[in-house]
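Shared chain: subunit A. Partners: subunit B in the first complex, subunit C in the second.
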Partner chain A sequence: MKVTAQPSADVLTLQLDGELDASSAILLDTELAKPDILNYRKVLVDCAKLTYISSAGLGVFISHLQRFQDANVKLVFYNMQEKVFNVFEILGLDALMTIVPTEAEATAA
Partner chain B sequence: MLVLLLTAVLALVGLVQGYRSQPAGPAAAAAPAPRRTEIASLQRLTQIIQRGQTSAEIYRILLESAVQTVGADAAWLDITSGHAEADAPAAGALYHRLTPEQASQLRPYLLSHSQLNSETISNELPDGPVFTVSGAPIRSMAALPLRGIQHHYGTLFLLKQSSMGFDREDLGILQTFTSQAVLSIENLQLAATSLENQRTQEELKIASQVQESLIPKNLPTDNWFEISSHSLAAKEVGGDFYDFLHLPGRRLAVLIGDVSGKGVTAAFHMAQMKGIFHALMQENPLAKSERDKFPVPSKFMAQANAALTHCLEKSSFITSTLYIIDYEQGGFMFARAGHCHTLYYHAMREEVFYFDSTGLGLGIIRNDGYEKHIKNQFYDYSPGDVMIIYTDGIVEARGEGNTEYGEARLKAQLEASYYLEAEEIKEHILRDLNDFTRGYPIHDDQTLLVIKFKAAQPAP
Partner chain C sequence: MKSTLRIACSRSNLQQVRDFVRNYLTQRQLADITVNQVVLAVDEVVANFIIHANEEDERQFLDLKMSFKGPELNVEIADQGDTIFLPTEHQAPDLRDYIRQGRKGGMGMTLVNRLMDRVEFFTRDNHTVCHLSKRLA
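And now, the complex of A and B:
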């Protein structure tokens, strides 16, 4: 699992590469827990290369959801593979999180 | 633990005896009769282990014993952070008759003349203010590394005012001391690691015992359905649970769920869910209508979510589905809280499908907003219908090429076996799952329940 952060003016793009499981979840949590992440208007999560997400991986996003909402930071997922989207959908997270197909839609969201 | 310490002690006793009876190293070879003080010091080091004390104390005894035995005028012990023991100084030094400042002046010179990995004697130190301790010049020095198999624990420096202060015999004795100290420290660490592993093992044992005790031992029986269950706990993950409860009026509540996380924490939350299930599924005597006597599944989930809000860690959640099957009405009602979709065989339409329903897992939204995210679904069943209830450990089981078993393959198995008895359907699915995962480790708990509805039988 690799997490690459690309900051721009007021948008932070996180690219996830590999399998997000209990061990790699710590890596992502470190990235999302940074205090200055709340200074961005939007955090885009590029899931193109995310091949698997475990419940520990989902737990990381869930644990920061409220904090992002309270700080008015929009969390947007895009380029999600169908298999990964199914995991979000089964848990009902698609109703709570913004998941869009393309980068263009994510930027516009 | 006790065995380990005992082994360590026996090893040390052996070492002492070996030192007494036969030559061990250059010092013993040069000294035909071992000196009393050396043996006394060595015995003191050995006793530290027997009393089960700390590595900090071993370092202190090493320094004292070394100084005493060779008659050093000053000495210090540099301790590097080559080990991870909480009670030891992380990186520090012990001083004997010299100040830390004096030691730090001497250290660069002595280190440049000694090799970090081997014992060094320097019996002709030059003149100069650096080589003066407590007003007297220092002429001789011995430096000994504390080496373990993998770690370097520090360096022992001994100083004498006389020139030619240390000989090979001294070095041999000191070597015995340092290797004895390293052995003791490594034994302590070994004991600590073993204790830690033992704790983890113990924890896992408790967790699996709890999990085992939560799984119903007897499946409900009645003449209007057949039920068959399978549960397999992965080594460390744990978190699947299911339970049944007979409700008045020939109704049956079936709960299945999966707690994220593992070990004792997961087992604890499973126990909580079971408690919540039994507490909420009590008849409410104040209910105005028959319908309100027991919470409908969506209401149950909302109440469970509220109950879990304060005790579930922020990154944990629970997926669950509650079914209330009503035999008299010939139907069932269920709410899916983020749990795997129910697989169903409809006998009259001869069709296998997954129920398509939305619903959020428990512990994700921790306020009143949850109720908007959970729905009840109603369904009338016919005799011969089959319901497959399972956890993600089944559909996410890995096989060749790291592929997942998947919903499609599970569905195909029901299509091929729906006409069998519940027990045989379960066996059919498990056989196929085992074929698929053969040779691959099980990463998550696997739970599978098969319910087959039967034609009405007259009540006995």
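And now, the complex of A and C:
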């Protein structure tokens, strides 16, 4: 699992590459827990290369969501593979998080 | 076709478990989503055994066994550690509460119960065993 952060003016894009499980979730948690992440207006999560997510990975996003909302930082997922989106759907998280098909829609969200 | 796997109780072995399940399922022509759902269910149970039942003690190990009976897939995950681990009665989590509380855990067994047709935990020779089954087209 690799997490690459690409900052721009007021948007941070995180590219996830690989399988996000109970072993690798700590990498993502470390990235999302950085205090300066709350200085961005938006955090875009590019899931094109995210091939797997378990409850541990979902839990990392859930655990930071309220903190982001309180700081008016919008968290937007895009380019999500169908099998990964299916996991969000099974728990009903697709209704509680912003997941859009493309980067253009994520930028506009 | 490898149908059994033994791993030490380290979360670094979860990748090996997922690869084992995927390889076993290649014998059937299954949709990508279906394969991922079975992989996820097994991964969640194994992670629970490793982290909660065995506290990541690498001297302990788990045995996995997969088989098909017609269209029904059966997976047995046997914890060889000494702690009996029987998850409490499943209750659907309120995810809005989880978000408010910033909770990280507590969704794994919900996923397993929604993904598989049957989920059973029982004891055998003073060890915990989990049996999962799912009818696959």
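Note that in this section the second predicted complex is superposed on the first by the 109 of 109 C-alpha atoms of A that agree within 3 Å, B and C clash if a C-alpha of one lies under 4 Å from a C-alpha of the other, contacts with A are read in each partner's own complex, and residues count from 1 in each chain.
As a convention for this text, a contact is a pair of C-beta atoms (placed from the backbone, for glycine too) under 8 Å apart; a residue touches a chain by one contact, two chains touch by 3 or more.
Everything numeric here is computed off the predicted structure, so don't read it as measured data.
Within the superposed three-chain model, A:I62 lies in touch with subunit B and with subunit C [touch as defined at top].
Residue contacts after overlaying the shared chain place A:G92 against subunit B and subunit C alike.
Once the two complexes are laid over each other on the shared chain, residue contacts for A:E82 go to subunit C alone; subunit B is not touched. Subunit A has more of its residues touched by C than by the other of subunit B and subunit C.
In the superposition on chain A, the residues of subunit A touched by subunit B in one structure and by subunit C in the other are 55-56, 58-60, 62-63, 65-66, 83, 90-93, 96.
Considering their complex, residues 11-12, 14-15, 18, 32-33, 36-37, 39-40, 43-44, 47, 50-51, 95-96, 98-108, 110-111, 114-115 of subunit C touch subunit A.
Only residues 29, 55-56, 58-60, 62-63, 65-66, 83, 90-93, 95-96 of subunit A touch subunit B when the two sit together in their complex.
The touching residues of subunit A, counted against subunit C in their complex, run 19, 21-23, 52, 54-56, 58-60, 62-67, 82-83, 86-87, 90-93, 96. Residues of subunit B that touch subunit A in their complex: 258, 260-261, 314-317, 319, 337-341, 358-361, 364-366, 373, 392, 404.
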